[in-house]
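What follows is one structure encoded as structure tokens, with my remarks underneath.
Order of writing sets the chain letters: A, B, C and D. Residues in each chain are counted from 1.
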Amino acid sequence: MTDINWNNSPDITEDLIKEHGLSDDEHKLMLKILGRTPTLTELGIFSVMWSEHCSYKSSKLHLKTLPTKAPWVIHGPGENAGVIDIGDGQAAIFKMESHNHPSYIEPYQGAATGVGGILRDVFTMGARPVANMNALRFGSTDHHKTRHLLSGVVEGIGGYGNCVGVPTVGGETNFHPSYDGNILVNAMTVGLADQDKIFLSAAAGVGNPVIYVGSKTGRDGIHGATMASAEFTEDSEEKRPTVQVGDPFTEKLLIEACLELMSTDMVVAIQDMGAAGLTSSSVEMASGGGVGFSLNLDMVPQREEGMTPYEMMLSESQERMLVVLKPDRVKEAEALFHKWDLDFAVIGEITADGNLTLTWQGNVVADIPTQPLADNSPEYDRPWVKTEAPAVIDAADMAAPNDLGETLLKMVGSANLSSRAWIWQQYDNQVMADTIQMPGGDAAVVRVHGTDKALAISTDCTPRYCYADPFEGGKQAVAETWRNITAVGANPMAITDCLNFGNPERPDIMGQFVGAIEGIREACTVLDYPVISGNVSLYNETNGTGIHPTPAIGGVGLMQDSSKMIKIAPKENGDVILLVGQSNGHIGCTQYLSIIEGREEGAPPPVDLELEKKNGDFVRKHILDGNISACHDISDGGLFVSLAEMAMASGKGMNIALNNGDIPAHAYGFGEDQARYVLSVSAADADVIISDAAETDVKIENIGVVGGEALDIEDLLTISVKELLDAHASWMPNYMSTES
Amino acid sequence: MKSAVVTFPASNCDRDMYVALEKITGQTPHKIWHQDSDIPNVDLIALPGGFSFGDYLRCGAMAARSPAIKAIAEHAKRGGYVIGVCNGFQVLTEMGLLPGALMRNASLKFVCKTVQLKVENSDSSFTNRYNTGQVVDIPVAHHDGNYFADDQTLAKLEDNGQVAFRYVDEKGEATPSSNPNGSQNNIAGIMNERGNILGMMPHPERFIENAQGGQDGRGFFESIINSLN
Amino acid sequence: MKARVHITLKNGVLDPQGKAIQHALDALGFSGVDDVRQGKYIELDLAETDKAAAKANVEEMCKKLLSNMVIENYAIDID
Amino acid sequence: MKARVHITLKNGVLDPQGKAIQHALDALGFSGVDDVRQGKYIELDLAETDKAAAKANVEEMCKKLLSNMVIENYAIDID
């Protein structure tokens, strides 16, 4: 064994090990792997590699049960991002990731660096990022921090995404008191690559050089463990902020430089430095390729003076990448990075022994076998209890509102259903000039540059459903993305997930997690819609109160002919409005119940996945046949809200007559039964669609026509489109311009 | 029309401009890297949108000091056409080729949306395919598009017909609420006195086909082609 | 009464702007610039005439709005 | 040697940031703020050891890059 001789290394005491979050078993395992006491740097490396964040120790067992395969899946979970085949030798590459905690501490930088991180996960695989999405959850609108957090997060996402020149094309935004102390900032990036130019992180080739490129390393983001290292740093005059600051300018250079590098044949392997920076990138590259890494830390570009090996290995400085090059190409690659004004340093080489060997100032400061470190990362089967299914609420037991029109107005002007234009106008959603469906519709659509193809993207989750029934909620989140993608005419291909939950050490929370995974599994299986990447964020909890379980799903669909895409706005007066799907007036867990009755209870709407598939496939077929001119799925707020949204998008009114039988009108209008769509079609096409529906046993009803200045629902309500628009558009700007 | 698009390190609408020029002119544009001091002989040089150097310090400031800038200025001096869109407009003011400056939006927020522009005068090389007073839809996407010039400069711009586009409402009125960034006199785009240099905040290159939401941007490029014939 | 506030990044916090300025100066041929840090400078005209009261007031403003205490420091001069 | 540069907007130049700060302070209940102007503060670490030379050099930097003479003024302190 190599001589470990870092004379500065302190005693590795029990306390120090505790501070690094290692359990007794993990401690023992570490000693067994090393065959000796670790150095401080080694302890730090074990600690981060085995942290929940890097090791997925609480979730792994369950994540393994998700369906990840399909003929069109090129790389599923396990790589930096998932990859699907979109034909013509091209691939779409995508992933969603959380940056929750940093965004609560410092909303601008937390959200900005979240965007930066997910972009790197995608371009590190050789993809040019073409679209960003953001799924945001904030606390109650009454909470004193909500405005500050919302404005900072949105500015940070825009500040970063706008500068790197990737359009932010959609997302979702909820407010709920369960996020008061733990907001969620989930960012998703979609990229495009040629299938023969996809890069992986597994290193190979003993003697090949290991290159560090990008920004210099500072002491950013060295978390809880900082105390342990504080005594070894020169200056302690002020407590170091653990916040990382993003530099989108450098990220843009990094994207261009890396893509240029990857267009040559110089690269053996490449990996971004994400969480746990140099540590996780080097361990993953080495263990993934079954080789060792020998790194000379003196060669690491450093922003600050006197950095210790511990700090360098744990730093989370942004905008950095690790690359293994072919040996004779270093000069060429260096010139390329210098053209883009980026740091480039050979910091080590690939070795045969499988160890991560770090030297610093002439001494070996760490020497860890990477395979055991990666393979033996802890895996827990945490105890869990199933969430008890809540009782179904009957709308007939509930008083009807006096004025349905006023009720609808109140709903479209509420915190959770009002327009998000205040948000998306701060995002450049058109840069790259291929966005053909901008925020405001069901799914965002971007063209595959230079082809007829397009990708449709949607992020969805209904946390109140997941809280009431994690299984149904998990199913619903997947189904809603599938439905949104279908509604624009695209074929849903695969999803990424971002699983945000509370403390997994609590059996009830773990039960939520397990339930949601089961639901996602079932939905993905039935819909033939595999999970190809994802991220888990646990411990979203303050003072024992966890967030609502929030398994955010990001779905991607493909269109062969982007000219067939449709939007939610009806086109012509006189067009017929069709309602697809079964309306049962399901009122439990609805927006209506929450906004109008102030109650959050009952069972969420059940998701019949076979029905989803049948109805969705039917709608998509008719979109592609050119029979449908506008389509909107029914989700939050039910049928009336969907109709209102379509009217607002077109500026045209509608004359609707309902056939609600013995279901109370408010339940029929605001119930959130799943697997439903509203279509706007020409009169001639309506006949074609209705007769096809009869043949294929799809429930469809003609409920009215487009026209006039108002949304008029016979015997129930009449509201001018203008009034709807005013209520819908004004909530967020008003909210943000008043002080808390 | 022979054209060239300049790329600074963090330009991000260079491809969009390139694609628009290629589609509309039918000719492959040249690419100019900000470090190039030799530039091709073309009719039009386009400075695209983006963040050139991260928009640090001041938008366009560092770009306006790049090696390629000298040659671009010479091209302009010879009477060659130069357009600057968004960040490109900021670069042109920083270079001193256009008067005034672009300040932080009055809302202090980035703004991305489609706005209405009034074509102030269809006599120019950049607007002759539009009608005077025509209202067109073009998207904006910027953080610093709040045009400022001192009163004298402003008066001169107005008197000489150097204001090319103004933010207006659907009726063509330059109202405060139709102004997305607080620009003086609702100015969206201006020309130099000689009429061969134009800077504008809105992005005509993003609106050249209906799939993008509209194609009112085409007229801008077609005007330049037209004025060469 | 005038208050001048300097808002600077805490030590160790990355300063992308400063870095870019340094780089640009270098490219323009200015050598010997070892480091650049960019901060904000805010001048406030105050109705207050008591120096101590003004200072206390501006201190509050810094904490509540002008500076981001997570990554920035502030310094106040009154005259 | 350290140079401190203050870059401020010229009189008569609109200052959207200053105005927004003033507005926000007002909304937060800070009264008696008559005007706010926001500028930039740049610190440079210079290799130069001669004060006059350093000042001349930084003056050049201001003219060439750090300030936009159309809208901004600069002031340099060396120490």
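Operating definition for what follows: a residue touches a chain if its C-beta (ideal position, glycine included) is under 8 Å from a C-beta of that chain, and two chains touch if they have at least 3 such contacts.
Everything quoted here is computed from the prediction, not taken from an experiment.
Engineer: Can you name the chains that touch chain A as well as chain B?
Structural biologist: C
Engineer: Using the touch rule from the top, work out which pair, B-D or B-C, shares more C-beta pairs.
Structural biologist: B-D
Engineer: Where centres are the averaged C-alpha coordinates, which chain has the largest centre distance to chain A?
Structural biologist: Of all chains, D has its centre farthest from that of chain A.
Engineer: Report the inter-chain centroid distance for chain C and chain D in whole angstrom, where each centroid is the mean of the CA atoms.
Structural biologist: Centres of chain C and chain D (C-alpha means) sit 10 Å apart.
Engineer: Could you give the separation in Å between the centres of chain B and chain D, each centre being the mean of its C-alpha atoms?
Structural biologist: Here the centre of chain D sits 29 Å away from the centre of chain B.
Engineer: CA centre of chain B versus CA centre of chain C: separation in Å?
Structural biologist: 33
Engineer: Averaged over CA atoms, how far is the centre of chain A from the centre of chain D? Could you give it in whole Å?
Structural biologist: That gives a centre separation of 40 Å.
Engineer: For chain B, what residues touch not just one other chain but two or more?
Structural biologist: 53-54, 56-57, 62, 65
Engineer: For chain D, what residues touch not just one other chain but two or more?
Structural biologist: Residues 28, 40, 64-66 of chain D touch two or more partner chains.
Engineer: Which residues of chain A are in contact with two or more other chains?
Structural biologist: Answer for chain A, listing residues that touch two or more other chains: 247, 249-250, 341.
Engineer: Can you name every pair of chains that touch?
Structural biologist: A-B, A-C, B-C, B-D, C-D
Engineer: Could you list, by residue number, the parts of chain B that touch chain A in their complex?
Structural biologist: The touching residues are 9-13, 15-16, 19-20, 49-51, 53-56, 109-113, 139, 141, 143, 203, 205-206, 211-213.
Engineer: Can you tell me which positions in chain A touch chain B when the two form their complex?
Structural biologist: Touching chain B from chain A are residues 155, 158-159, 162-165, 247-250, 252-253, 256, 340-341, 424-433, 435-436, 438, 447, 562-563.
Engineer: Where on chain A is chain C touching in the complex?
Structural biologist: 105-106, 108-109, 215, 218-220, 235, 237-238, 240-241, 243-247, 249-250, 303-304, 317-318, 341
Engineer: Give every residue of chain C touching chain B within the complex, in rising order.
Structural biologist: Chain C residues touching chain B: 16-17, 20-21, 24, 27-28, 38.
Engineer: Touching chain C in the complex: which residues of chain D?
Structural biologist: 6-8, 18, 21, 24-25, 28, 30-48, 57, 60-61, 64-66
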